[in-house]
Each structure stands twice: as structure tokens, then as C-alpha cells.
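First chain A sits with chain B, and in the next complex the same chain sits with chain C.
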Partner chain A sequence: MKTKSKYNLTTLAFLLPWIITFIIFSAYPIIYSIAISFTDYSGLNPAMNFVGLKNYTALFKDEIFLKAMKNTLIFVVGTIPFTTIISILLAVLINSKMVKFKGLFKAGFFLPSVMSMVVISTIWRYIYSADGLLNHMLRMFGIEKSTGWLASPNTALLAIMIMDVWAAIGYYTIIFLSGLQSIPEELYESAAIDGASSSDAFFKITLPLIKPTLFFVIAINTIRSFQIFAEIFTMTGGGPLNSTQTIVHYLYITGFRQFKMGYASAMAYILVIIVLIITLIQQRALRSEY
Partner chain B sequence: MNIKKTVLLIISFCLLIIFLFPLVIMIYTSFIPQGTMTNIVKDYYLNDFEAGYMSVIKRTITPLGNTDYSLVKESPTSTQSLKIESTGERNPGIKMIGATRDLRKVKTFNFWLKVETPNIENGYVRFEDVNGKFQDIPFKLGKTGQWEEIVINKKALDKDELNLKYVTGISVVLNNEEDASNVAFLIDDIKIYNQYPTLMNYVIVWTEDMFGRYIINSIIVSVTVVVANLLFSSMVAYAFARREFKGKNFLFALILATMMIPFQVTTIPIFILMKNLNLLDTYWALILPQLVTPFGIFILKQYIEQLPIEIEQAAVVDGAGPFAVFFRIVMPLSSPALAVMAINTFITTWNDLFMPLILTSSREMRTAQVGLALYQQLTQLQWPYLMSATTIVGLPIMIAFLIFQKQIISGITAGSVKG
Partner chain C sequence: MRKKALLVFMLVGLTLLSFGKTKISVWQFMMDDNLSQQVKENFEKANPDIELEIVQLSWATGFDRIVTSIAAGTAPDVIELGNTWLATFASQGVLRPVDDLVDKVKDNYVAWNFVEYQDRYWGFPWLLAPRCMYYNLELLEKAGLDPDNPPKTWMELLNAAAKIHALGPDIYGAGLCVGELYSPYQQWFLPAVWGNFGHFVSPDLKKATLNSDPVIETAYYYRSLKDYALLGKESELAEAFGKGKLGFFFAGPAYINNIQRDYPETIFDVAFIPKPRENYGYHASFAGGEVLGISSQTKHVDEAWRVIEYLLGEEVAMQITRTTGEVFPTKVGIENDPWFESHPLHKTFLEQNKYAVPFPPLAEANKIEQIFTNVVEEILLTNTPIENILQKYNEQIQALL
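For the complex of A and B:
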């Protein structure tokens, strides 16, 4: 009996770092932010009044929030197909026996993905600026554009989306590559003997076999894209005219600039619900496949 | 077949080069003295006297002493120059005033001179800064009555003595040693040549815009977080991998769940907590929430599980306690996984913007990411400076990537297996 309790105490000692940080920095904040999402807490003074669902109902009347939701959805729907398709194709290209220097390509295409979003956004801000490289190149093709791409409400979000595709591709290519490498070589060999073309092999062998990876990539990319913040904060600050306002950036503005923390917490919970739904859909999709 | 291979290889290389072009742009622009990548300012005129309106010239150039000047149709390279005439003046000359000039990236200061009075052999250029300090750089003249280009090298200037960032006046003065009663000379094409390529952008951004401090902050935070995770996350991972306890599966599911939940939901309570503990704007606020990360636990648990358990059992038989087993056997055996965890944790912490942004407020506490993001909001955009700052913030990660490429990539693929 004594040895058993000693064993348990030792286990507890091993787990203690996680238990403490989990309670303080995960469990407690998650519960606390539900609580303050039903209040008018400002964050500046301790006054806190229960307001029920008012924050949540107000959100759906808040034009900037709705705009932020819409922009985030456009961002997600507009980037994910491109990121996914390009990274699959890149992974197939790097994985193909025809290509040498695999290590170099793998590292080269992956490099932007390890850089921070602030660094990447700053570089692209330069490219997109009025006298930047993009306008300069367009001028060489005879297209005159004198305004910056991030300065106009019509092009700002699109410009950020293009940058995001560029920055994200490498990461997902690596994941697809590891998926591709788990496909046994014999499958392709026997398909080739049966006279299948390479496009047949791609659609009938590769794609079905990397489906779990595909679901995983789409799910984590969707979750990540719903949380975009650094690129917006660095490049546009949500402007011009809120045309690049996103959920998390608006959360930052309301919570930490306007000090409406109750309101911002409600926004955070809407984000949690969205992420939860995506995770459930991914799990369901995986289960229905197998 | 071989042709197909070559073509494919060439296409891949071209793709890669286009793909990495933005990073090339960043590094390239950081060495430009002024302007942008497509419009590099290698040199510029302070005055070439071509657009000759005396009213404009009067605002930017003052005569020194009993001196007067006028425009004349004579020039070494173009059509007009400035003629300076003085009477009874020991040091006749002109002084360029008006805008303060930043001479830190200057290579040389050039102008053309033609002295019409005989027996004048020397002169000097005086640089005056905003504090009223000045320094004279002498130059020698050749033959009387001939145009010659005078080149003043920036190296002659003492940057400790003079504040080169704010130079308020540059004078060109002749020494009238023989006391000639009338001195006349012509000046033209006063021009500044910049250093190109220059490292000054880095020096300026590192020292004046505090990027040195930001980098140190980021190193302190990231290294502490990595060390803490090496110890704590591996302890927790060991418990999950090797020890039996109630609710193990549930707790592990909880760890995975915290990986999925958007961290923004925890930021407001963490902010309030840190504020109440008086830890806002300290390293603690940035380090404490990251002491144990789900990612670290996850990676290490997977690795420890597949270690051969016999070694640990043998150690227990030899009388080693659980902590001895963990520190002396499991930790050293897990070093490959610890390396994967360490480098990936380092990169994540280094690259994070959101948490340090809300948890710090003073300029001294900013991390590299916050510093870079806010730098471009507060100052007028000058791309060479901004790109040097970006390189300073991005380069450590690029170097880490080149060294630890294998570990970084295996960290990503290991994280994706759970899907």
C-alpha cells in the first residue's frame, strides 16, 4: 500500500509542471473568458456587470464584426484550395523519381514557412507598395498602376491572400511529402504494367491514398486561416475601410485598444465554436472514409 | 528520357528561384543606401545650378563674409555654374544651408571648382552639425583658371566628434593666404555619392532603433522557454509514456484538445492575470505560459514510447529510482526527440507576435517580432532600413533552419501523424 501511494506521488511529481500550467494558463482562462463574455468587463477597472447574451447579440449587429467575419471567410475559402492544390503538386514533383536534388527543393520551398508572419508581411508590404516591385513589373508589361496594392479596399485582401498562399505552401508540401512517401512503390509499378498513364496513377492511386493527409491539411489550414492576425496587423491594420479586418484582428482591437474585454471574449468564443465545427467535420469525414 | 529529366529539373529550379525571390529582395534592399530596389539612389546633387533661379539659390546658399555670387554660363559638365566674388576676404566661400542632411551613408562629397584668382592653393570644406560642432577637411587646388573636381572622402570625417545624422551646413571655403584684394571662383555640380552596397542600414537599425535590444529580448524569452520545455515537457511526456495512473487517456486527450483550441480565447484572461500579478511588461509574462507546451509533450511521448523498455527495467533492478531512470537514461536516449522539440519550440516562440504584443507595453521589453511590426507603424517608411530590420529579425531563423533542417521537418511531420 505504501509503495503504491509512493508510486502515485512520483507520477504526480512528473505530471506537476503540466498540471500547474494547464490549470493556470489553459483551464482557468478558458472558463474565465466564458464568464467575462457575459459581462461588460473593460479590463481597465474591476467593475463587472452581468449583461447576459448582450455581447453575443451585439456582435451580430456590429457591422465591423460582420465585415471581419465576411473577410475571414473570403480569406479561408479563397486561399485554401490554392494552397492545397499547389502543395500537392509540388510534393508530387519533388517526390517524383525524375527530380534530383530533392533535399534542396524540399528545403527551398519550405524556407518561407519557418519565417515569422511579421517578417514575411513586411517583405510583401514592400513588394506591394506604390513604388514597389509588383507595380514596377506591371509597368514593364505596360500596365500603369500608381497606387499601392494594400492602399485600395479592392485589392488589399486579395494581396494578403496571395502572400498567404506563398507563405503556407512549403509547410503543407512537407506534410504531403511524408504522406506520399508512405505509399508503397509497388502500387505504381503494377499500375504502369497495366498501362496506366501518370495522370491515372495520380488520380487513382496517389489521391485516394493521401486522403487522410488531405483532410488533415485542409482542417489545420482552415483553423489557422480563421486565426490570421500577424499579416493584418503588420500590413494594413485592418484597413483601408475595414476591407482587411479579420476576426482575430478585430478581437485585438476591441479587447486591447478599446478595452472592451467582455465583448472581445464573446468574439473569441465564436472563434472557438467555428474551430470546433471544423474539427468535428474533419473527424466525421475521416471516419466515413474508413 | 534524359531530356525530359533535364527540362523538369530546369523548371523546378526556375520555380524555386521565383519562389524564393521575396527573400532575395529583402536581403538585397538591406544593402541599398537610399531609395527602393528598382530605384537605387547611388548619388544625388546638392546643387547643379541648372535650374538657375537666384531666389531659390539664395534660400539654400549663403555667401561667407564680404562675398557675392551670381550664375554664369560656364560649366565643366553642363551649362551653368555659380560664380563667387569677394573683396578683402581672407576666407571667401559659400555655405549650403537649409535642410539638415544625413551623411552617415555618404562615401564622398564631390564638387567642381575653378579658381580665377592666382596664388590660391588651399581650401577646406566645413561640415557643421546640429550641435554647432564642426570639422574642416582641407583640400589642395591645382592650376589657376582650370576646372577640377574636388573629392572629399567621408573617412576624413570623425563620426565621434560630429553628429553625421544631422548635418546642418556644408561650406566650401578658400584660403586667401596672400591677401589678394579680389577673389573670384566658380563652383558647380555639388554632389553626394552614397556607399553602395552599404552596411550602415544594419548599424543604424541595430543601435538607433533598438533592434539589438529586441533581439536580446527574443533570445532571453525563447531560450528560457526551450530550456523549460526540455525539462518539464519531457517529464510530463515520460509520465504519459511509461507510468500508469488513473485518467491517463482522458488527460492526454485534454492535452491534444488544448492544441486545437484557438489560443486567442486564453489571451484576455492571461492578460488580466498578469496584470493582477504585476507581471505585465516583464519576461515572466512571456515565459510562464509557455513553460510546458502540448507540442513538446506530444513529440516526446511518442518517442519515449518506442524506446526499448528493457534498459529502464535493468536500471530499476540495479536500484535506480524513477528520477534517476528519467534523468540518467530516458533523457539521454531521447536526445534526438529533444532536439526536434527544442528547435521547433524555439522557432514558434521566436516567431510569435500576438502574446508578446499584448503582454508588453514598453519599448525596452518588445520582442523582435513586436519591434518589427511596430517599427513600421511609428516611423516613416524607408525601405532600406525596414528591410535591414526584417533581415535582422528573420536571419536567425534562416540560419537555424539551414543547420537544423532535418529536425524542423521531422517536427512538422511528427505533429501531423495524429491526424
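For the complex of A and C:
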């Protein structure tokens, strides 16, 4: 009995640093931000009044928030399929026997993942600028464009989506590669003996066996995409005309530029609910498969 | 024994001396580490009872650091703010009103309208950054224009931009800012409204007047200039100007040194911002600038004031001008400093400052700045009728007043 309580105390002692850190830096801010989402707290002035659900109801009448929701959904739906498909194809290609210098390709594709998003965004700003690389190339084909790609409401979100796909594929390619390498070689050999084509092997062996990896990639990419911020912050600031405004960026602007911290916190919890619902749906889908 | 006693005495003395000092922290954007260190040493030498801590903030994250520190109750004693932020911070009770201190130095400095909010003073005008018109001398000459006489009116500018634009597919008459916060409205649109004797808000700051005739006329003109313009972020336009692809663009003095350093082959000059007509309006510019405020959280108002008085002084402010070339001191008579004789482009900016107008002191200035950015982008990037645009945003501004 004594040994057990001693054991429990030792366990607690080892866990204590983490528990304290969790309470101070995670639990407390989470609870506090829920509380201030029901107030008119500005962030600058310590005074705050309870406003009930006013912040939450006001959000659904806020045109910019609704636009930010729409843009975020377009971003999620528009990037995830491309990121996933291109990553799988690249992983299969690198994994195949045709490709030499595999390490070089892996490192090359992974490079954007270890670069800061601020650096990536700065490079792409030069490509997309009014007098940038892309407009120069278009001019060679006789297409004159006097506006930067990030400065036009018709192209800004698309431009960021393309950059994001480019920046993300390396990381997911490496994850898919690890999934591919766990598939036994014998399966492909017996399929070849049975006369299966390469596409048969891909759709009937590769794809079903990397399904857990596929679901993992889609799940984490979905959460990451809903939280898109750095790209918007460094490249467009949500403009022009809110065409690239996303939920997290609008939350930041509302809290730190317009000093409506209570309202911004309500936005954060709407995002939490959206991500939670989507994650639950994905988990259900996973459970039904396995 | 005697040596030991002396040592103990010295240690105790030094400790007491350091405890006796008042620590004043200054969070600022304009002074780099070298200058900050120099300022700190000189100030502490003259004020041995104060320990000065100067923190340099970056433009990317500085604003957030200030806001977070205020929220946490750990605000610095002295804060540098952009003049457009002042009214918002004052309205939130973040700054201490300084009417009592202003009287001591009011006659020595200009731009007190930077720091007024609801008939009180909330800080001290520190540095000026008006906007001017940059123009490429070579392109003007190629287009058959007189490079010694840059456009002085809107129509002259429009005609000159059209002629320069006709020089080639890769050449643009002018550069107009879009695609980022602030620069689209600050660099010229709002100053153009002011120059046309217009305002977006009534003098008592209670009624939005964005749909008034002078604003409508300015918006129509701005849209007509678009036909000859490259549209992009300010930094993109500065780069295109440096490469010799833009006839005109509007910005603060920050680009003079950059363009001269990065594109030495581009010959350019700066001039006052054009006014509506020869016999109507004025060369209005946006009065950008930096102010120093005392945090309402500080317990050391007197010491904070002594630091501010030192920073406002010609020695420090002029050193910032020499180091950055981006801002000028607010000191009365600063134009007589010999530095401006050897920097004629900067001198033009300083002269332009006489026609510079600050953003109205509104508590909701930050939100209205966002709206103004949208106004300009909608004028330049869409074909929506001008009256509809101005009416829509007029209602949004009115809701915030």
C-alpha cells in the first residue's frame, strides 16, 4: 500500500512540470478566452461588461466574417485535394525504381517545409508582384497585366492557394513515402505475376494500403488549412477588398487592430466548433473503414 | 581589515546607488541598436538618477507587442506610436493626458495636431514623414515633357502619365497603391480629397461626408489615372520606379536613400503633390509621423517626461534623420540644419510638410483606415459606380462616428 502511494507520488512529481505548464499556458487561456467571448473586452482597457451571446449573434451579421468563412472554405476545398493528389503522385514516383538520387528529390521537395512561411511568402511576392516574374512571362505571350496578382481581388486568393500547395506538398510527400515503404514488395510481385498493370497495382494495392496515411494527411491538412494565417498576414493582409480575408486573420485584425478582443474570442470559438465537427466526421469515416 | 571595510563600503554604496535609480523603459521603432546605445549613454550621463532602457520594435510585430504589454499591465513608460494610432490609444485610456507638460515645450515644436484628441494633448509630436511625388526625369524627357517642370495640377499629371505610358508596354505613367492596408489611401487619395477642399468627416467629427462633391470629384479623377497606372503594393511600386518603369509615384521620404542605393542609374527627383487646378485647391499631403506618449500605467511621470524631452531634442531627432533618411524632427526651424542643404530631396519633403494634414483624431481611426483602404481599392479595382462606392462606405463610416 505504502509502495503504491509512493509510486503515485513519484508519478505525480514527474508529471507536475507538464501539468503546471499545461494549466498556465493552455487551460487558463482557453477558459479565459471562453469567458471574454461573452464580454465587450477591448484588450487595451481592463474594463469589461458581460454581453451574453451578443458577440456570437453579431458574427453572423458581420459581412466580413461571413466573407472570411467563405474564403477559408474555398481555401480548404481548393488546396487539400491538390496537395494530397500531388503528394501521393510524387511519393509514388520517388518510391519507384525508375527514379535515381531519391535522397536529393526527397530533400528538394521537403525544403519548403523547413523554410519559414515568411521567407516563402516573400519569395512568392516577387513572383506575383505587379512588375514580377509571372507578369513578365505573361508579357512574353502578349498578355499585358498592370496589376499584381496579390493586388487583384480576382486572383489574390488563387495566388495564395497555389503557393500554399507548393509549400505543403513536400511535407506530405515524405509522410506518404513512409506509408508506401511499409507496403510489402511481394504484393506487387504477385500482382505482376497475375498480369496486373501499373495502374491496377496503384489503385488495388497502393491506394488501399496507404489509406490510414491518406486519412491522417487529410485530417491534419484540414485543420492546418482552416487555421491559415501567416500567408495572409505576410502577403495580403486580408485584402484587396477582403478577397483573402480568412477566419484566423480576421480574428487577429479584430482583436489586435480594432481592439475587440471579446468579439475576436467569439470568432475563435466558432472556428473551434467548425474544426471539431469536421474532425469528428473524419474520425467517423476512419472508424467505418477500420 | 581596512581594505575589507572599504570594499564592503563600496559594494553597499554601489548597490544603494543602483537601487536609487529609476528605471524608465522606452519602446520605439525608429532608433537602431547603435543609436539607442548612444542615446542611452548620453542621457544617463546627464541624468544619473535614471536608468534608461530602450527597446527597438519591428514594424511587423511592434504594434502587437505594445497591445499585449498594455493588456498584461506591463506597458513601457514611454511608447512611440504612429500618429494615426494616437486617438484610438487615448480613447482606451492607455495614455496619460499631458496638457500640463505640453505647455513647457509647445512653442519649440510643430505638428501638435498629431497628438490632439477631444481637446486634450496625449503625447508629443516627435518625427515627421509627409508624402511627396517622386518622378523619373529620364521618362519625362523621353515623353517630350520638361523634366524641370513636373506636373503641378491633376490634369497636368494625367496628361504626363498618359504620354509616359505611351512610351512602351513595360512603362507606366504612374504607380497607385493597392493590395495592402494604409498605403492605398495615405499616399495620395485622401490627401487629394483634402487638396480639393474636401473631407470625409465634418469638422465636429460627427457626420460622415464621404459622399460629398469634392470626394466624388477626386474619386473620378483617381479612377481616370488608373488607365495609365501600375497597381500594386508600395514596395512593388518603389521597385518598379527604381527600375525606371514608372513616371510618377507617391510615397514618404523612406525611398529616397533606397532607390539611390539600389538603382543608381535611375535619375529622379521629388516634388509637391499636385493640386486639383492651378487656381483651386492646394498641394495637400498626408502627415505621417511618430509621436511619443506616456503610458497611463507608469509610476514615474516626471522621469518619463525628462526622457521624452531629451528624445524630442534636435540632437537625437536629427541623428535619426541622418541615420534613416525616413523622418524629420518636429523642432521649429529644423529646415536651417546644414544637413538639408546637402540633401535637397529631403528638403523638398520637409517643405511639403507645410501642406500636410493628419488623419482626423477619431477613436475608431483604425477601423476607418481599413474602410478607406477598401474605398480606394474599390475605385481602382472594380467598375462599380463611384457614387455607389462612396455612399456605401459613407454609411459604414457614419456607423463608427
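What we mean here is this: the second predicted complex is superposed on the first by the 284 of 290 C-alpha atoms of A that agree within 3 Å, B and C clash if a C-alpha of one lies under 4 Å from a C-alpha of the other, contacts with A are read in each partner's own complex, and residues count from 1 in each chain.
Methods note: a contact is a pair of C-beta atoms (placed from the backbone, for glycine too) under 8 Å apart; a residue touches a chain by one contact, two chains touch by 3 or more.
These figures come from a predicted structure and were not determined experimentally.
Student: Do chain B and chain C fit side by side on chain A in the superposed arrangement, or is it a clash?
Tutor: Here the two partners, once superposed via chain A, clash with each other.
Student: In the overlay, answer first, second, both or neither for which of chain B and chain C A:Leu15 touches.
Tutor: A:Leu15 contacts chain B only, not chain C.
Student: Tell me the contact category for A:Phe256 with respect to chain B and chain C: first, second, both or neither.
Tutor: Touch status of A:Phe256: both partners.
Student: Look at A:Gly43 in the shared chain and tell me whether it touches chain B only, chain C only, both, or neither; answer first, second, both or neither.
Tutor: It touches chain B and chain C both.
Student: In the superposed arrangement, which partner chain does A:Ser146 touch: chain B (first), chain C (second), both, or neither?
Tutor: Touch status of A:Ser146: second partner only.
Student: Which partner does A:Phe110 reach: the first (chain B), the second (chain C), both, or neither?
Tutor: first
Student: Applying the touch criterion given at the start, work out whether A:Gly237 contacts chain B, chain C, both or neither, answering first, second, both or neither.
Tutor: The answer is both, since A:Gly237 touches chain B and chain C.
Student: Does chain C touch more residues of chain A than chain B does, or is it the other way round?
Tutor: B
Student: I'd like to know which partner A:Trp124 touches here: chain B for first, chain C for second, both or neither.
Tutor: first
Student: Just checking: does A:Phe215 make contact with chain B only, chain C only, both, or neither of them? Give me first, second, both or neither.
Tutor: The first partner, chain B, only.
Student: Let me test your reading of the model: by the given contact rule, A:Ser198 touches which partner, first (chain B), second (chain C), both or neither?
Tutor: neither
Student: Flag for me the stretch of chain B that overlaps chain C after superposition; candidates: 275-283, 311-319 or 383-391.
Tutor: Stretch clashing with the third chain: 275-283.
Student: List the residues of chain A that touch chain B in one complex and chain C in the other.
Tutor: Common interface on chain A, chain B vs chain C: 43, 125, 129, 131-132, 237, 256, 261.
Student: Quick one: which bits of chain A touch chain C in the complex? Just the residue numbers, please.
Tutor: Listed in rising order, the residues are 42-46, 125, 129-132, 139, 144, 146-148, 150-153, 156, 236-237, 239-242, 253, 256-259, 261.
Student: Using the touch rule from the top, collect the residues of chain B that touch chain A in their complex.
Tutor: 4-5, 8-9, 12, 16, 19-20, 22-23, 25-26, 29, 36-39, 231-233, 235-236, 238-239, 243-245, 251, 254-255, 258, 260-262, 264-273, 275, 288-289, 291-292, 297, 322-323, 326, 347, 350-354, 357-358, 369, 372-373, 376-377, 381, 383, 386-387, 389-390, 393-394, 397-398, 400-402, 405, 408-409, 412-413, 416, 419
Student: Taking the complex as given, what residues does chain A use to touch chain B?
Tutor: The contact residues of chain A facing chain B are 7-8, 10-11, 14-15, 17-18, 21-22, 24-26, 28-30, 32-33, 36, 43, 93-94, 96, 98-101, 104-112, 114-120, 122-127, 129, 131-133, 136, 166, 171, 174-175, 178, 212-213, 215-217, 219-220, 223, 226-227, 229-230, 233-234, 237, 248, 251-252, 255-256, 261, 264-265, 268-269, 271-272, 275, 279, 282, 286.
Student: In their complex, what parts of chain C are in touch with chain A?
Tutor: 63-64, 67, 70-71, 73, 88-89, 92-94, 169-170, 172, 178-181, 229-233, 236-237, 239-240, 243, 245, 366-367, 370, 373-374, 377-378, 381-382
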